[in-house]
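Structures incoming, each one as structure tokens.
You will see two complexes here that share chain A, one where it goes with chain B and one where it goes with chain C.
So, the complex of A and B:
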């Protein structure tokens, strides 16, 4: 019989068990690491049609986010500014610059600039910007330090777990709504604890975790 | 055993090399795992849509129509003018409260201060970097002398090189800004005589 089953086959069951469990672990680790928005979305930095720098406009020039994103406090959708908003300044500033050719062209033709949408929730998620910024959730919580980005990239995962982290403990994140667009804002742990509890209480913040809050 | 480990190690290494690590920059759109209903056949604001002739999901209003909630009545609150005329109203037609002025301060700092400066002296960032040589100081006697309705009109429709802000600043906020501009002018040009008698003592204290 030794010809049919050579000696090494004695170790086969062990090899299979070890091999399968190692491969299984590796596969599971791979799924855990790669198949979530922390990997799939974070770092997405598309090439935009115009090389607009948030670092220059928001940080160096100190424009408030709401100068351009003017609907964010009133609407579920935070607007990408119309070309006319760009032209408020760029009718005088860098008015011959070739980098802005597309902006001028858009302004004249009325055809929108085809900006690439980066922070895209799935279509079954109903995120409302206004309700968040009016209750002291800062831009920075979901978009990161946009004011340090020359080219905007997806900085936070915006996964469901990411939303729930805050919905479960809003007091850890809320700040004075007057400071929502201050992306540099820092706060000590003690002050955040006091502020957070106060805001949640005063404004009756009910960051619901019911499914229909976001999926309706 | 060695072969199993070797194959496994190679497989893991090749995945890591190809896929990289979390947070790596990528120009390519994110892969959508389990993409059921992620992208639905519906319109989201400011996207492209082949349904409409100009390819936008957000349609432009039909000429001669207004959006729901948009103001249209010929009253000074909406137009800054006396009804039925083109004459600007002399004073702000809404109640001026501390809350309104505070709102005006916030909106002024967002929309006006980049050029006019936080104090309204025309020394905003655009002047400082030399990008805009001519920016009006709001303390100019000509501007101080304008009636409130005309300031509202300039905010709404622009003047000279300044564009109108009607699309970005809602009507009620424009009045708030007018109130705050008046406050800035008073703060800059006021004298001790403008301080009410009962507060004069406070003035001398500091």
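So, the complex of A and C:
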């Protein structure tokens, strides 16, 4: 048989196989890392109009989360406090501080401070804050150590898999509802297992995984 | 030693009696050279006059389908006529229709090979091509009927991979079994078809006069030289692939039938579905093979290779499978009554006498009555008559799937949820467009690849026997 192709083409199949597998692996790894909320959401830290520090308020001063986010236990939606909540203290404390100029202005004009929303659930997801908080899902599970943040950032991926991790094994996360705002709370694995199973049983926790639980 | 040889050669073997002689598979005692020239000539010669108009029409219809699918995906599934209660209609009908057609190709190429039915060699190549193109048409419908097609892949509904949604395909769902059944079927059919093509691609390569043509066929021929070792490996590979494909003939349509049988819908939830679907698939597939083969044979002058005997044998398969299908229709009705389930009985009464009575009786006339003509030798050897019946078989089998799907779900348990499905023009044009895809692929196939397995047909001619006066290595030049 006459030569149709030059001799070097004998190496071509091997090169193609190696090249395609490398490119395929790279593409998979890229999608895996760059196209999931672990990359796209975690670390999102927009500049807020007022440099409010959760570290000072929640950690140093020891304010409870619910002092400002007062609807978490009662409402599906958790509120960002109105300016009047800030002014409960700041009409006395740091009255003249230039960093709070916008807060005072907002209080006088009645126009809310344009806080930038960080933890957004997509519009096709139904999420109820109160049912989670009242059944011992702590703030820290989804929002991270807010009490250590000078400026708030997106600490957890909040992807569907993130939700399902807990919905599939709620006993690994549930705690006494009195402790939900205690972001420092730590527990041994044995106690968590014991407590968690008890809570799941006593409260008849049914962390449904049906599609329509969240996609209504 | 020499004494033995002399005694052996002294024995005279009488030729077999005339009535035991088999009808030749290639008529007019065509030589091996004629077979190569004639079949390779179809893709080497000048483009026949009819080809371009046929291709342009097919390609236009294909483009229309592309337009309809674009409209569907950009607008939403509501452009089709289906809605509650009939959530499946033409989409799944078309899917089952096309996937069923493929089965004839696999039966011809695998089961008839294992059963040493030598007549398969004239039709297996184009029947397998038909299988592949039918699977391509079939694959489109389940994908687009999800509306947002990218969801089929990305969140892992169909393809299992760890993902940020933390979800996994539902392995208990027959719809997922279907994904695996059809993709396995497509893959094995492609490999089988391609393996069979290798020696013929080498023939085309060796005959090629133009350099680019030579390079393309060389690429496809994978360095085939026709050495004994190549043939030995080839035949082993072919046998293994035939063995792998054989269960697929039965399994793929069984699993397609599970899409219905595993549900609890009256009219779907029956154990007869797998064998009944397989018989229907082979029936429809042979119908389509004949619809393609009869024009191909006259347009390309293949009367000596695809003979009336081939057509007659295929008609016998149609008669057998068509009768099985007719029996299954009867048995479904019997069980609906005998089973004592009022919903089931209603579903069947509604099929025959409800608002879709016209679809049911179209199906019965085409699938039960029309193959019965083939009891008569005169009719099953009539080429034009066979062509007409094959068209009826195609129509009937499309209606069978429509009847099963739509009449079962348009009225199920709750009368308050009853409805009537009407297709929109998008439904109709998408289905018509799938014929555009099918014909475009088939026309390209017949212009660029040998439509008949050259090497295999040569192997079943009398000349292939080295002891034949015209066969083997005679004359000492090889």
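Miscellaneous remarks
Simple rule for what comes next: the second predicted complex is superposed on the first by the 210 of 216 C-alpha atoms of A that agree within 3 Å, B and C clash if a C-alpha of one lies under 4 Å from a C-alpha of the other, contacts with A are read in each partner's own complex, and residues count from 1 in each chain.
Throughout what follows, contacts are C-beta pairs under 8 Å (C-beta built on N, C-alpha and C of every residue); 3 or more make two chains touch, one makes a residue touch a chain.
Fair warning: this is a prediction, and the values are worked out from it, not measured in the lab.
On the superposed chain A, the two partners chain B and chain C both fit, without a clash. Once the two complexes are laid over each other on the shared chain, residue contacts for A:48 go to neither chain B nor chain C.
Once the two complexes are overlaid on the shared chain, A:38 sits against chain B and chain C alike.
In the overlay built on the shared chain, the residue A:165 is in contact with chain C alone; chain B does not reach it. Using C-alpha centres, the superposed arrangement gives chain A a vertex angle toward chain B and chain C of 140 degrees, stated as a multiple of 10.
In the superposition on chain A, A:19 makes contact with chain B only, not with chain C.
By the document's definition of touching, of the two partners only chain C reaches A:4; chain B does not. For chain A, the partner touching the most residues, choosing from chain B and chain C, is B. Shared-chain residue A:130: touches no atom of chain B or chain C. Put simply, the nearest alpha carbons of chain B and chain C end up 9 Å apart when the two models share chain A. Across the superposed pair, chain B and chain C both touch chain A at residues 35, 37-38.
Those residues of chain A that touch chain C in the shared complex are 1, 4-5, 35-38, 157, 159-165.
Taken in their complex, chain C has these residues touching chain A: 163-167, 205, 214-215, 218-219, 225.
Interface of chain A with chain B (complex): residues 11, 15, 18-19, 22-23, 26, 30, 33-35, 37-47, 61-64, 66-67, 70, 74, 77, 79-80, 82, 84-85, 87-89, 91-94, 111-112, 114, 117, 122-124, 153-154, 178. Contacts from chain B toward chain A in the complex involve residues 1, 4-5, 8, 11-12, 15, 19, 21-33, 37-40, 42, 44-48, 54, 56, 106, 109-111, 114-115, 125-126, 129, 131-132, 161-163, 165, 167-170.
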